[in-house]
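I'd like to ask you about the structure that follows.
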Amino acid sequence: MEAVLLIFILMLAIFLGFELINKVPSSLHTPLMSGSNAISGITLVGALISAGEGNNTFTIVLGTLAVIFATMNVVGGYLVTDRMLAMFRKKTGGAK
Amino acid sequence: MLIGVPKEMQPGENRVSLIPADVKKLIGLGAKVLIEKDLGHNANFADDEYLVAGAEIADARDEILKNADIILRLRKPPITEVGLMKPNSLHISYLDPYNENDLTEEFRQHRITALSMEMIPRTTRAQKMDALSSQASLAGYVTVLLAAEKLPRILPMMMTPAGTLKPANVFIIGVGVAGLQAIATAKRLGARVTAFDPRSETAEQVHSLGAKFLDIDLGDTAQTKDGYAVELTPAQLDIQKQTQKEQIAKSDIVITTAQVFGRRPPVLITKEMLAGMRNGSVIVDMAAETGGNVEGSTAGKTVEIDGVSIIGDGNWANYVACDASQMYSSNLFSLIEEFWDKEQNKFKLDLTDDILHSCVITHQGEIVNERIKNLNK
Amino acid sequence: MDNTLLINLCYVAAAVLFIFGLKELGSPATARRGNLLSSVGMLIAVFVTLFDKNILDFKWILLGIIIGSLIGVFAARAVAMTAMPEMVALLNGSGGLASLLVGFAAIFLDVNTTFTYITIILSILIGGITFSGSFIAWGKLSERISGKPVLFGGQQILNLILVLAIIAAGVMFTLQPENLFYIYIVIGLSLLLGIMVVIPIGGADMPVVISLLNSYSGLAACAAGFAINNIILIVAGALVGASGIILTNIMCKAMNRSLSNVLFSGFGSVKQIAGTAVGEVKPISPEDAYYVLESASNVLIVPGYGLAVAQAQHVVKELQELLEKNGAEVFYAVHPVAGRMPGHMNVLLAEADVSYDLLLEMEQANPRMETFDVAMVIGANDVVNPDSRDNETSPIYGMPIINVDYARTVFVLKRSMASGFAGIENPLFFKPNTRMLFGDAKESIGSVVREFGN
Amino acid sequence: MDNTLLINLCYVAAAVLFIFGLKELGSPATARRGNLLSSVGMLIAVFVTLFDKNILDFKWILLGIIIGSLIGVFAARAVAMTAMPEMVALLNGSGGLASLLVGFAAIFLDVNTTFTYITIILSILIGGITFSGSFIAWGKLSERISGKPVLFGGQQILNLILVLAIIAAGVMFTLQPENLFYIYIVIGLSLLLGIMVVIPIGGADMPVVISLLNSYSGLAACAAGFAINNIILIVAGALVGASGIILTNIMCKAMNRSLSNVLFSGFGSVKQIAGTAVGEVKPISPEDAYYVLESASNVLIVPGYGLAVAQAQHVVKELQELLEKNGAEVFYAVHPVAGRMPGHMNVLLAEADVSYDLLLEMEQANPRMETFDVAMVIGANDVVNPDSRDNETSPIYGMPIINVDYARTVFVLKRSMASGFAGIENPLFFKPNTRMLFGDAKESIGSVVREFGN
Amino acid sequence: MEAVLLIFILMLAIFLGFELINKVPSSLHTPLMSGSNAISGITLVGALISAGEGNNTFTIVLGTLAVIFATMNVVGGYLVTDRMLAMFRKKTGGAK
Amino acid sequence: MLIGVPKEMQPGENRVSLIPADVKKLIGLGAKVLIEKDLGHNANFADDEYLVAGAEIADARDEILKNADIILRLRKPPITEVGLMKPNSLHISYLDPYNENDLTEEFRQHRITALSMEMIPRTTRAQKMDALSSQASLAGYVTVLLAAEKLPRILPMMMTPAGTLKPANVFIIGVGVAGLQAIATAKRLGARVTAFDPRSETAEQVHSLGAKFLDIDLGDTAQTKDGYAVELTPAQLDIQKQTQKEQIAKSDIVITTAQVFGRRPPVLITKEMLAGMRNGSVIVDMAAETGGNVEGSTAGKTVEIDGVSIIGDGNWANYVACDASQMYSSNLFSLIEEFWDKEQNKFKLDLTDDILHSCVITHQGEIVNERIKNLNK
């Protein structure tokens, strides 16, 4: 049963993903890319779980590494995006 | 009430003060209309059109003058004819009251109520009677045609296998009703149009026709409540002239419409500015008749100075007599209708009304118009 | 249980924030807030996860987070605005690597079904490709590796073999999970595959590649989510994966390329195809034309008789103004014999009140043709016919033309492949950088203009 | 288990089909196929359900399906095109009733938690409202009931009480499920509530109401889904519920009303509010203006000096053409003193090549003003100032104006509340049927035009 | 756990529903309405299940009634919609 | 090689065959240019502009004729001057070879190579030398101006407080280069424009300028490879006249540009059609000089028949002499440049080239042009 639900969720999420993005002005391409890239850093959550599982050293190592990289992705991603958007705001002020 | 329409006396005047369509409307109001023979001939309105509309044709001109309660004309009457008119009758036409003191006096003495079309106020409500505007806008159109025809070049841009013809530069000085229409017409023909007027709000109006406005800082300039310009100080005039010089030099056509109501129009283009212009350029001086904006322009004809033709014909609307008549006639009708008393079937002359108050000059042997009265003192 | 319920409800909240975040990132006005929203979502997700009952030991976590954050912050601060794409590539790569590791680690978690094993392999595979691919992309962008496409025979075949090998290893692994050997193979080959698919692509296309890899990293996270059975990973991953594809698609369009063409046709080699594609007519839809124009900064409009027939002057003027508002410079190049009478175009453009200063004569336009991103040929034909320049045998040989074919991209707006007044074929329509926007010029431009809405 | 898995996978397929179906229903080109897709989805869903292990006995099912189908087919064939909305109302009602019954029946299914009980009550409540509400709507549309809003004091309070009562009964029921008494109360009150919320609404607004109830029936199905723990119900229901809300919103906009105003402000009473709303300025966004224009079939454009200042003539012409393509009739009413010189508007409209035959003089436009769905006042002010008609004390009293305020809806496009040449206030801006579209006329119309895109 | 998944599904479905409908020409309002109304007849699936549960007469009655009404909704809904769209296609042929 | 440019002899002709800008270009090619005094005076080009451009000014007209290897003119030369020219020199100008047999003969006898600008083919490649087109398009513009100025009404529509002025109806017969330009100009001025031409493809061209096309079914009509119309059969002409009648009656301005290359232009407007027109209406007969499309039109002047003014001035481009000269001059330069041999610095007269083949009339004592030769048989 649960697997089915997960598939449902996957399906809906994918459709939603498709619908979310319509027309993006070229000036936003890079920011949007890195913005959603930051979201894909969600894998950090997974990393935490594996890193937290104290029992097996190997997984801990893997986990911790995962945490490091995922965190880089998340933190870096959001900051970079924000920086880009900040100056974008300035640059093309009125432009639609 | 009998409305009489004599022919215009001025030679070369083709316009007519009343067209058949409006005759019909007047009769619809309950008036009777008596016209002189061949009244509309020059404007291409035949007598029988008038007859069909319900007018009667008088045998003699005097008959009209003697019997009519209202006389409609375009041009001011010959002073000799005032005496022939019925006392207390109403005479409506251009009267140029600021300059025609004798005529005014004549009206006063014979107790004729004289209504001057020039003096119709420029209020939104009075616009439909505003003959100055209606004729001016036609004049604006005509000036451009005359200039374009005189110019040895074409107005629009043309990129052709035989090279590119640059668009002509047209400079319009004075953006009143006529000026605006001139801008529109020149723009339509594809010219590069620039304009100037001391009344600051005209800038927006110029842009609203897609033309450029020449920015000249004259300090503050005033405008009367009727939207007329107030005369500039000599100092301001100098600034204006200096700044315009260059624009004039690079213009193929210059049209000057500068007027200051009741004053002599300012001289804006001097001989040496003319010298600065390209050979074959054309200037139209709309103010030529009343003194001229251009040094050397001659009322009623076209002169050439330093290879520049200066058109001073005047009576511009007359070139499109047919339409001009229709508009003037419609102005008159609107005026009469506005003050027509349906019950008693007569023109109600209520001097407290702000329109009549400002356009009626003489009434019952008095000069009732303030401005004119003070003038004569 | 209660605990998990709470966590999961927070995950729902996080997902909602991600959704809003993505949506708002799509439009200039809200983009910045959108980024903020999604970051909050991330914060929530991460924070509540720490309450997961499976987490027994926090020191490693903290260590990892601290190190990661430091690097992340530093990188974000340090990088120059111009180097942003590289930076994104790197971050994306690290994300992929993380997914790979998570998947790897998942092997050692307690319960594992065939299903989870499959998902584990998927997360490793996609994660690996994302990682190495992004890394190469970064190298090419930052010119640490030559931007030139690296091409050699049998490339495609090799890639195919790689994929098959990975599948094989994957199957073996699911059969005997205790044997890590196969997993290492999968990892190795995935990384290799990542490299293989990116090297043949020219540096110019890297942004698209990164965007695509970004979408992959989403999928990787999604797969990892299945592997460790965590919903938020699945949802967020799927969202990024899907929206990433769309974004990639949009970027391709802005570069006048098709996604499939980027996805499958061995990337870089597109250019050759294009190069050899004389004789092939490539139509374009108003929507796609919009994407190209929207990202152009120099546009040349070349009007012809067709503009007059369509009476498209007014809507052309509007397009011009939209482009200008969008930051582009727009000029008109008027050929002396365009139209059917001398000055035909001038009449129309003046009617639409196009400023005279924007009109270039042929002699002015041609020298700077290369500088135009797009040349829009609107109902012109003979006056842009390269034959009169290149082909002695052509009846109009010798007539100077407007060399639109030297512009980066050429749009030709006409209703059919019919010839013009001179009644001769026009090779321009078959040039690789030409796109035909078929239909009545007024209609076509109208639709393009309307694409600019919202 | 396997069986359920299969069924559920089919459900996934069905859901996908519903999603595509809904999306395609939204655009003319694909609408019909969309409907087909979703019907296929429905077929799949129903068919596989029959394999549900819980289903022991088919005869009743078959009986039901046959009867239902017969009625359905007959109804669909019989109904006149003009009576479609009524028909939809009825069908919608029966859907709601079905959800109510399903929810009711769910009580007697084996396992029931508090959670399911709540969902059961929800499905009954929403289903009930949908049913009776739709029924009333049907009555009003088919004029079996007077279309006039039925209004009486304390209506809102009464509705409030009803809601509270329902909640109370609901709570009681969850506490002692074995006692059906409370459920009957819930049913009864729900039906009553449905009636109560619809009667105060005028017949003209019924389409909106139906659309809203349609969205409700989706939610009802969704709730029922939770009650009997069936995913496809949940997904499909939620989809319909959500998209229904959006559609309702769009329909409101097309009628120049706000959804919240329909949802909460006691429906019909809107009219009173509007009636008394003199003195209040109501701005409108280009997007909303688009919805109104898109559904208008007679549009009058009244240009003024502002049109000239904005140089909006070209884009106005384009709007005209779009409206005409959309099936509307468009005219221009030119006031003799509009602009700043005689014939000012003519110059501009001629420049934009607006056909002379579309220009109405004031005397021609005024008599037929009531027939215009929308009067667009573009940068005009004095020439549409009702004071010169109604207010003796006004300085421009007596000047004939264009009576735009007699049109169904009036859009006034200007940059601010500033006065015109005559420098006097304009009460038109405060009329209930006036909407102010603020901003430069060219900009505003441009945005509206672009709304017509995609 | 399952409840959570259902909530996720609900959430995603609702968002998707919102995104699916953007700009609908007024001529399509009624068809779209009745089209989605037909979908809401999905409750038929629920009805089937309750009607099929042979054990309790009362539920069977309820279920059967539900089946009848739901089927009406579904069948009628789809047919009506199709009829509308069919003639709509004819009527405004080219019009966008 | 010496290029000589004598003044135009025709009185009232203001255009000039070569302007300073092109003098410069010719000298750039390596030619020498010798002009007559006051050459450009009437077109507002001063002698010193020519001097600056590098031309020399001859003391006497004969000096030019005697020494020049190429003579550039606009109008055909006085037959007396052909004898004065250097044998085997090249003479470029309008020659009207279809009618000027004597002139052609004179050229042949004196072994002058005569190139007729009328005979330049209408190919895309030759367009830059096509003087007929360049002058015709200016002519089209002029005709509208003249008509508009003559008309006692304005062309654009005007909705004013003084009533609505309907747009003028303009009907243009013959949609060649001139006709198209006339349409464009009238449209610009805001008139309601209708047009007709037997060449079917002109309908699209008319619409492309936003004007209406009068549909007349004449059965099939042909057109030469140069895009010229073939003469209509009498039957077709009748149909055309009948159908146009009504359109003409309701027109304020009619402009006829109907030409059939090398033939007498068709008469399209008869006296009785004139009678059907409103008083004050205006007709411009562009074909007046070559026989006229309008019954009663007189070449070179404006006549009034039944209250309708018929303008037959002719030499229309001359009204915009300045631009007309620029374009004609540019046509000449393009022609010379096209066949200029940079190495030997001379005009390479290659009769196999399709352009020269069709426009060179006489060469080395022979009439080389097929059409003309057959004419004289």
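By written order: A, B, C, D, E and F. Residues from 1 in each chain.
We adopt the following convention: a contact is a pair of C-beta atoms (placed from the backbone, for glycine too) under 8 Å apart; a residue touches a chain by one contact, two chains touch by 3 or more.
Keep in mind it's a predicted model, so treat the numbers as computed, not measured.
Steps from chain B to chain C, taking the shortest chain of touch contacts, total 1. The chains in contact with chain A as well as with chain E are C, D.
Judged by contacting C-beta pairs, the busier of the interfaces A-C and B-D is A-C. When chain centres are defined as mean Cα coordinates, F lies farthest from chain D. Both chain B and chain F derive from one sequence, and where they touch, over half of the residue numbers involved are common to the two copies. Separation between the centroids of chain B and chain E, computed from CA atoms only, is 73 Å. Chain centres here are Cα means. That of chain A falls 75 Å from that of chain B. With each centre defined as the average position of its C-alpha atoms, the distance from chain B to chain F rounds to 40 Å. Spacing of chain D relative to chain E, judged by their CA centroids, is 18 angstrom.
Contact with two or more other chains is made by residues 127-128, 133-134, 137, 156, 158, 160-163, 165, 188, 190, 210 of chain B. Looking at chain C, residues 19, 231, 235, 311, 336-337, 342-343, 347, 350-351, 353, 451-452, 454 sit in touch with two or more other chains.
For chain A, the set of residues that touch two or more other chains comprises 1, 3, 5-6, 8-9, 12-13, 15-16, 20.
Applying the touch criterion to all chain pairs gives A-C, A-D, A-E, B-C, B-D, B-F, C-D, C-E, C-F, D-E, D-F.
Across the complex, chain A is touched by residues 18-19, 21-23, 25-28, 31-32, 34-36, 38-39, 41-42, 45-46, 49-50, 52, 54-58, 60-61, 63-65, 67-69, 71-73, 75-77, 79, 81, 84-85, 87-88, 91-92, 94-95, 97-99, 101-102, 104-106, 108-109, 115, 207, 210-211, 214, 217-218, 220-222, 224-228, 230-247, 250-251, 254, 291, 294-295, 325-327, 451-452, 454 of chain C. The residues of chain C lying in touch with chain F in their complex are 305, 308-309, 311, 336-337, 339-344, 347, 350-351, 382, 395-399, 421-422. Here chain C touches chain B in the complex through residues 334-337, 342-343, 345-347, 350, 353, 356, 359, 361, going by the rule given at the top.
Touching chain C in their complex are the following residues of chain A: 3, 6, 9-10, 13-18, 20-56, 58-60, 62-89, 92, 95-96. On the chain B side of its complex with chain C, the touching residues are 156-165, 167, 190, 192, 210.
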